[in-house]
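Order as written gives the chain letters A, B, C and D; numbering starts at 1 within each chain.
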């Protein structure tokens, strides 16, 4: 699959169909995002790690694609995406950060093992070009752990989990759909500077609520958490609620308006197909 | 659930919209309707301006229950302000529930300016429910500020 | 536009976490955790996450400053070190060695920290030394 | 145009070239009898009654005046002995076919034909062809034509069948000189059509319409059915008629808007127990107004559907009003107009029994209670009780054809059964269904009854939450004419005072976006009900227009960054309030 992807990208670059290919590069045994502008560099191109391509840069609060589109307006850029990367692109596009029309989205599927490791329910992008679709693990089984708890048990569980928090902001910093310049997690009135661990559950409430209708379930926050707090448990519960109550699944369609960003009632949106 | 002391009086923070619920509460007052004194109202222009953080903050600072009162759907003074409320509050409650805070502590009610009676009834009911739930375990936080 | 990531070790403490510094058109724009590094495994603390910020911070000291007439003015290293040495001496003579304390930095190497410890104990003659990473 | 000089009956006169003699004579006030002539139609010269004597130099000719054009120097005799003899002969021939047509008999009498020599036929049609010509030339429907020849000649439709091309315009009957064509009066139809639409295709909406201009009703205008006619264009001296006018959308920039969209009557069919639409002679209050109007279908006579004068009339108050099932509110106007109806009935029909069925009499204004007392003196019956049912179940022959009203008379605690000839339902005034849409369009709101909500019921009764938009009249709630006039005056002066000032005060609680914190996500744009927020693509920032913002704060709660804040409702203020109220 990798050879074909490299060939396809080299083709796009040499035929000048895109100005750059944004993907992952392996160098000295480590993988990181890289903006390929020359076809000969593509030997280093790789796929399939858990490095997201849509993470937001702090404190610039932009991602690489939006920075590119700002610096080189009108130029087309190819992006190599997994399912979660693509959903992330769509969610930030809905919030005015990037122009999806100027992107050549090249998708590749994750395999079953990768999907299981990420608890990813949709391990393939819609613009799937390389690889085979596999079924992701179900969220139901994953969230059963806290769904089956009583309210008091949940409280005890999360108190223990969040007491580990060192307020590194890793969950926020690694999030591909977090775009705010000023973050409520840093709001002193809500969660004051200097308190460690932060008061349960004030600090985390912000991130959970704010991403309720944009979380793409990529798991970047869990990966980034040095204290291994299972943040995605709550994210998946919320995503489920948003799907059931507001008839919305994040990352499906770049034209769709997020429910908490539109005036219409949830039912009205469903009827109008907004 | 820990046993509730008999003299437990829950404290309710009510975020009421200026045009319907606040006026409704007012009407309950001027109509001399009885309702428990457990409720403390914060007037906002629209229920659509209630940030979920306000609810969280109130619970954290010791409120045993939070009431959000808005105009009935379709009657919003600002046309669609309460549509947002209708979408936000269930999400907020779900999040609170998932975190281990009883979502019954947060209540969304549509109370029009003419529904003083309804306002009084809602408070009666809410107080009863909160008494059964007991004091808010979050109250005061780990280090209140 | 040019964009790449340079792998480096976090300068803050002795843990040795690695991360990428993100370079966009020659400018340092951010930190990206390195998922496959054996030490940090893609996790960082608040200092690591913001490690890029001090590099270009306008508040960063690049030259020694000596306070003269209530105002900091730029000085040469020799002037600065002389001033420090003179004050150390005076303090030690007037108030004894325990009137002095040293706070070591997390951003210097282990060897430098060792040297500072020796300086404090052997030269200044006090045990008053601590390290900023001891949070 | 050339002018022709001629002499008619010895008097010299002038007429434009090509004018038919008939018209030239008419201009001098000389009547020439005619049966087949119509000013809108080309002269046809078929009835021959208009035959006159013309002397051109020394020659004398008998010509038909309707189609003989004037020429220089001719002398015309319209009533000479020869002409009269001629007409007598023609009339005798006509009577031989149509012996009993009044117009022919009148002419015969005029010309002294007492006993026609050829007998009197029984036909009505003199075959003048006016109907055929009007149908093809004016109306353009081409339904009528001549069929067969000689003695068997008739006017009819193709194959003598009802033509589906006939638009029932009635023009043929209108032009027929003998009354051979009749429009069948459909009493039932007329009753069903009540309150009647415009009586003619060209009409003025109602007497007080502003602007008071005639309009063409496209549904009934012949031109819009057949593409012909346009008689009105010829007739209108002001040349004001233009059939090509189309509705068009005009954009007008204004500073203030008055919403005065009115109300509608509740649909009486919903109240099945009152049998509207099922029985004849049950009408709505508006139907009765039309019936009672001098310009209405009966010229103001109160008549039942069969054209009879009713001997008893029942008036039902609170139909759909003060009713938990329909409208909880009181429609305010019914009591008084019901009293007015009763009074008018008493005035117009001597001895008519009027029954008012009411819940409470709400005679709330100046002179109103006095009017009620007057009606009591006039002998109007008042039954306190809601009518349970109206049907036509007659118990004895005297009740045959009557409407039976059943109601509990709560004053005497007896269920009464009152047969009447006619029933008037005083229907609830309700909000128009389009009010909801309008409220969204104009950023004001409607209450749960659908009427527009005023900004404050006591202090700002004509204002809406949207600055510069005012309401007046029944769109705000049921009210009578004096109240409407008063409110309209207030709304107009409120609007004028704004216009006079030329500026509006913005809300004190508007929201603002702190630019440096805005990430350009546009969530606020999507949630704003007033389109007050615009996104600047160049700057990748959104900003709020102070004049449009109404200060709901929805955007503030939606802004994930906290870049939007609402004056007087800032986060710090709310948090401080929470702190404060939880401190005790």
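Simple rule for what comes next: a contact is a pair of C-beta atoms (placed from the backbone, for glycine too) under 8 Å apart; a residue touches a chain by one contact, two chains touch by 3 or more.
On a predicted model such as this, the values are computed, not experimentally measured, just so you know.
Of all chains shown, B has the CA centroid lying nearest to the centroid of every protein CA atom. One finds 91 Å separating the Cα centroids of chain C and chain D. The distance from the centre of chain A to the centre of chain B, each centre being the mean of the chain's C-alpha atoms, comes to 34 Å. Averaging C-alpha coordinates per chain places the centre of chain B 54 Å away from that of chain D.
Distance from the chain A centre to the chain C centre is 35 Å, each centre being the mean of its Cα atoms.
Not a single residue position of chain C touches two or more of the other chains. Among the residues of chain D, those touching two or more other chains are numbered 527, 529, 558, 571, 575.
Within chain A, contacts with two or more other chains are made by residues 184, 190, 260, 263. Two chains count as a pair here when they touch; such pairs are A-B, A-C, A-D, B-D.
The touching residues of chain A, when paired with chain B in their complex, are 146, 149, 151-159, 184, 190, 192, 195, 197, 199-202, 204-206, 208-209, 212-213, 233-234, 237-238, 241-242, 245-246, 259-260, 263-266.
Across the complex, chain A is touched by residues 516-523, 526-529, 535, 540, 558, 560-563, 571-572, 575 of chain D. Contact residues on chain A toward chain D in their complex (touch as defined above): 61, 95-97, 179-184, 187, 189-190, 210, 257-258, 260-263. Touching chain A in their complex are the following residues of chain C: 1-5, 7, 20, 22, 24-25, 29-37, 42-46, 48-50, 53.
Contact residues on chain B toward chain D in their complex (touch as defined above): 11, 13, 40, 42, 44-46, 48-51, 53-54, 57-58, 61-63, 72, 74-81, 84, 88, 112.
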